[in-house]
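Presented below are the structures under discussion, each in the form of structure tokens.
Here subunit A shows up in two complexes: once beside subunit B, once beside subunit C.
Up next, the complex of A and B:
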């Protein structure tokens, strides 16, 4: 559409593009008294009435951008540094951080789309209250009204139950900025509450690496360039970590071989030298088979396991007694000779590494499978070596103060008296408050529906949801929605109206990274990024800690001493308080302000984790045999564990999407242009047997639920497998893979994260053609 | 002089309303201008419909921001059209107190600018203000029909809002003829 113009209007249109003309125009208005004749007291105000600093009478010329440093906090390996370009108060575009060799000046398609998030007309703009949950009848309320209602509920619960255990928090990875742990801080500042603890992402692997090495600690991904042999096992960096690919390419350029092991022929797989389409969940069997071949061929690094291993002999004995290469290859669905050859190549290469993806541990045997792969890397002497390593993740750079998170309970608070453990992987205290008289009550984050249904004495009366689209991302959607009916008040803090907000009573609008002050690090690379407030928060949005602070003020006005969270905070000051000398030393900076000039990288003694070969296990060795694992109900050795028994004809995989990160980004217009609708990917043979053609509408169903969507036929998935990428497509699309994914636990995760993970990829379903 | 100047003011306030009471107040102002409007029995219902269309939290049925209609495929807030209208306000010595928070091209702000120009033209003869008025009316006519079209096409719109949208269309059509080029 174009603006129609009279000749007078054309004069104006011309003047709009010219600073000088605009000033002349205003000068004439002032000289002729016309400016004074404008009321200037409507919605728009005159400069003269509001003082010289009001408004922005002059405008930046072409290229006159202000730049700010930002970070993408969306639970991604890459946690990119960004440079944001702001003109006249508007974020115009973003670039990758050039001072980080990892981000290296480039972003992924999601990152480049950030202005579409900030300026999406669909953003939640104001606090709003739904009259009748799920009714769609929303009234706009002020922050005062919202906080009055919420604080009233909090005080009512305390009065009724004698504690705040009826208030629960579920929060995860929507924003991993360090100050966002102020959400947990807000709950702590209110008293002892109920926390949904754990992580849906990677807990089984975290426990596995803790059993083996005493911690989860990966090599610097940038040293993959030095690797002579790379196995990417159950990871898809082409979708989920594009910045890591350049190191893999560099290694290839230097002669390294890249093998990709995945049930799906991914975009990463096609970039490898070799691709193995493994049967899902057979990763442990395959690793054991490769180990058996190394043993048989005398390719185990005897020196390394003797010097650095504990229980290796027992592990070898177990393998000799229970594993053959033929058996393992058959379990994995791979040819024996290929398994043998790659095992030999891996052992011969120096250094060789395995990237253990999070997908492969989302199984009922996922944790023990990671242990078997760890062992394969260790027995070839590749742990502790630059370019080597069993790469999974790390929290090595996360040593902030957690000033916003650590808040004391108000005096006299009453809480839970039962056993407790860590509240997630970032809980550095690891249950240290267990010695206190009272603690929080902890529920499994991955079973939110069931936990709410089962909760008693007290039930969950008030549920606070932040940084998490629970109804889209948590498991067994129908159960969750049913459970929510039990909750008296649900408060959701979010950017967009998603299926979780749909079930809320009150929604509070929150900020994007560009409207916020925080600091970010990665669980993969070793860079530190400042996140500056580049633009004013749009509409009435507030950050998590600003919300906490405002709630604290209201509560203390109503009942002095009822909330310890600091009032009247400054978001930037709160960010500064997260830094400490340890962080400064680790990153070689003297002040947080150094980060305004660019990103900083941790000063590591080696790019390799465990380079001193002093492991954090009880023995100080790499524990092929872990007594802690045994104590926690697992086998001491990484023994074979069968996968979940099929309960429907086809396996259902719901991995990460290319154009989204969990439920973020895919709802944006640019992503819809690239990826307009969800699809289920079906092998032509399977589709043919069921009379399904490319583009047909199908019903995918299992005992948990059903989804209707279009089918796309592809040889990229095995014939016995259905695949649909998890994503929230926006308010106009009800697609949700968790209508089909139940909440059955993976084997590990409780030890270090408080709850086991979920067997996301041990799901099964059937498919049939239906009318479009 | 625009025929329905008071209506422009009340239309502006209606589309900027934060709650049922403010909607009612603006609506009563419109009715007092003589606009043929239906009687309202439940202002809360009007507010629910208003929020679905213009406020949220669900994706908006008819977002009231000019840039979404004027900037082609670049359907985002704070677009080029937002910048242009901010510049016009500045040329008039005006600015929005919500600058950088609420886009300057919110319908209510553009209507407010038009109302202020009309008020000034009632007391001073200013060719510059005439030009600004022509520009603004031309601009509003370029995007408001599409905006009104989205209101009319939205499901379950409260009849009061349809009536106000009609009043908006009438108000913009009753101004002095503009030479369209």
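Up next, the complex of A and C:
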């Protein structure tokens, strides 16, 4: 690019994509600002009647604030440490944790919106009861009334069924603070119940890495700066892990090459040296093709696979017999010479790494595709090296006590007698009582609609939903809402009147991180963050464990011994009880109070996972051939597995958004200022053939459902693909990508998380123009 | 020697993540609809991929600020360090500055009935801190520089898409975005 000689006004008009005069340009600029702020839009003094005053602010000086340590718990790679600045009891602003080299003093667009999350006029303030699900006919009730109704239902179920299996819990990642596992604890303290287990997020890849290496364990992301070659494969850190970008930039600055492989020309893709537009689901075929070329060229690290691999020769034999570079490149839709060149470059670089994104395992062949990519990293000798590695995620730093989670069933509880697996990826087995005759009944978290429809003996009578906006985020929304009709009582614990709360009978108001005590770690970086209570809980909000404690008190008053959850808990004491010597040692601290001064990082023997090359597999080797995989119904080798057959003309991708994390943040008015409405992204060629112009209203539809929204034309997406970013835009907007995403499972996930994942990106749809 | 503060917008590093824009709201709590910093997409005529290159813009704290020159209430001042400050106590809400600023920076706030704009966080600068947007930027794309000493050879004052107004002297400097090699699908 060069400095243009044409007039500035013309240029800046071009920047907006229109050949406008300067005057009209300014008009557009102003529409985004003052002119759009019509009189009548609410002032920020939302709570002047009864709460602290949150209004216009300025920086009042370094000594003007009390500061607290907080952590963002919203299921993000970055899990940022935060410093909150409080004045007169009001959270005035937040900053990134300066003592963490990862967070590095800054947050992201979502994290900086937190003051608005706390003081949003849309927050749920009191327990409320809805007369008629979906009616919006809410009445304020007291905590006593709410807990009386809920405890009454629990005792009624026990009486009727002789067990509490009719009470079910679905909970996931709305808040990953360790004390929030007290929700599971609350259910355990009531007896044996039904649990929706697994994870919608990353299970296929977790299983894949467990088959290959015996665990999911990634290098410290900060060591990407040392990489000489980085392939970002199906991950979009520019949206989903903004603090990781600086390490990739640093590697580039030191001469590394960065290749981004993605079906979409993402924001990350344009920051690499090279972008490959892969056909969705062809990741395994591409990795196999690259492996074939390494074999043909003698570029396999023979020494590494001989010393550290199990079954490598069989893997090579499989590839030689079944894979050609030409075939794999064609599957992926990529030129053969390009695939060969990058395979060679990757093998020549030392160290070289692949960041395996969660998007690429959300396919019917996603798990085995991750295995093929793992193998590529291993056969070039890059596993176990600083700056190398098949990076996916880790749970290395999650060794807390789970004190709030581990609760005993009341004496005499009756439960389920069938076999069950792990209850999600964070299940450490600490909650299992080997001597118990009974267990919980487990259902697939990713098929909540179907499971409730199918449930019998007993059916799901009472559903508890916490840390999860099921109706927005789970699959096949219409089926879920229909299944909910079968449930006698639905209780939701939440911050906002989201689509799940809309379907609840009782909603219990909960706290933001700033009103809570907990502790947080990441599944990506290796920092530990304390989360202090910075402000008093607003209105009548309670944390998950405070709700459990209050429910326990009511139940024990009604029927002594019916709930073992501790009563009259202190949230801070509960947080302290999650720490143990292992955590203190790992992080090099002597007390949790050290964390009040700043974040701590795990003392790792190496920035590399598996640096001693002792793998946690049965053989202790990197298992190119995994017997466990075979026992679990997969191929022992990471063999080619075809993707899902198309069931509509266009591929539909619904990945993570820039302005939200799942259904959080995008609902805030502050976020609407930056991203006002959902869009479907369509290739101009596809749009042209259907008479769709930029900004036209369209209908996107498939057998699962339909959505109406505006189209944006862009060749960032392939011509055979539609793209919508998942989000909840707030109560007045019905946009929900899961109207179009069915609940078909991915191949893996059941081994380590209790349920297979969902083929979120193996979805298809059609599009047509409709009247606006 | 006095300082001449300016923003350096490195579009090669910028990911358009809007963190800077929200970091500003986090600090000042502007009402919904009012944004002091906005991240504009660069048009496809300049960067060939839609919504993939960005220009993070706030007040340009100009050498010869038209807002200041045109203000009948003397509600604008320019500090020795270059920061152009709007004084709400003096502002009469006449909106003259909305018309004189060639970059569309000042906004009229119907709640306060006054104009307002980016202050370059002078209160933070005076406390030895970075502006909120700069501190928030996760990639180092937005930095605060002193034009008296700034000598990044990649930096330009008038990139394509930005009004070429040397007489006004906007202080913001830009580094242009780069493009990757792109391998699109053959089938």
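Going forward, the second predicted complex is superposed on the first by the 703 of 772 C-alpha atoms of A that agree within 3 Å, B and C clash if a C-alpha of one lies under 4 Å from a C-alpha of the other, contacts with A are read in each partner's own complex, and residues count from 1 in each chain.
In this section, a contact is a pair of C-beta atoms (placed from the backbone, for glycine too) under 8 Å apart; a residue touches a chain by one contact, two chains touch by 3 or more.
Keep in mind the model is a prediction, meaning the values are calculated, not measured.
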So, does A:669 touch the first partner subunit B, the second partner subunit C, both, or neither?
both
Let me test your reading of the model: by the given contact rule, A:137 touches which partner, first (subunit B), second (subunit C), both or neither?
first
Going by the contact rule set out at the top, does A:93 touch subunit B (first), subunit C (second), both, or neither?
second
In the superposed arrangement, which partner chain does A:114 touch: subunit B (first), subunit C (second), both, or neither?
second
Under the stated touch criterion, which partner chain does A:631 make contact with: subunit B (first), subunit C (second), both, or neither?
neither
Answer with first, second, both or neither: which of subunit B and subunit C does A:659 touch in the superposed model?
second
Could you tell me if A:243 is touching subunit B, subunit C, both of them or neither one (first, second, both, neither)?
second
Based on the superposed arrangement, let me know which partner A:591 touches: subunit B (first), subunit C (second), both, or neither?
neither
With both complexes superposed on chain A, which partner does A:501 reach: first (subunit B), second (subunit C), both or neither?
first
Subunit A residues contacting subunit B in one complex and subunit C in the other 1-4, 7-9, 11-12, 15-16, 22, 25-26, 29-30, 32-35, 37-39, 42-44, 54-59, 115-116, 669
For a test of understanding, state which residues of subunit A touch subunit B in their complex under the given definition.
1-13, 15-16, 22, 25-26, 28-30, 32-35, 37-40, 42-48, 50, 54-59, 88-91, 115-116, 119-126, 128, 131, 136-142, 496-497, 501, 507, 509, 535-540, 669, 730-732
Tell me, which parts of subunit B touch subunit A in their complex?
9, 12, 16, 18-20, 44, 47-48, 51-52, 55-60, 63, 65, 68-70, 75-79, 82-84, 86-97, 99-102, 108-109, 112-113, 115-117, 119-121, 123-124, 126-132, 134-135, 137-139, 141-143, 146, 178-181
Under the stated contact criterion, what part of subunit C meets subunit A in this complex?
13, 15-19, 21-23, 25-35, 38-47, 49-53, 55, 98, 102-104, 107-111, 119, 121, 123-124, 127, 129, 132, 135-140, 156, 158-165, 176-177, 179-187
Show me the residue ranges of subunit A that touch subunit C in the complex, using the header's touch definition.
1-4, 7-9, 11-12, 14-18, 22, 25-26, 29-30, 32-39, 41-44, 54-62, 93-96, 104-110, 112-116, 238-239, 242-243, 245-246, 249, 260, 265, 267-279, 330, 333-335, 338, 658-659, 669-675, 712-716, 718
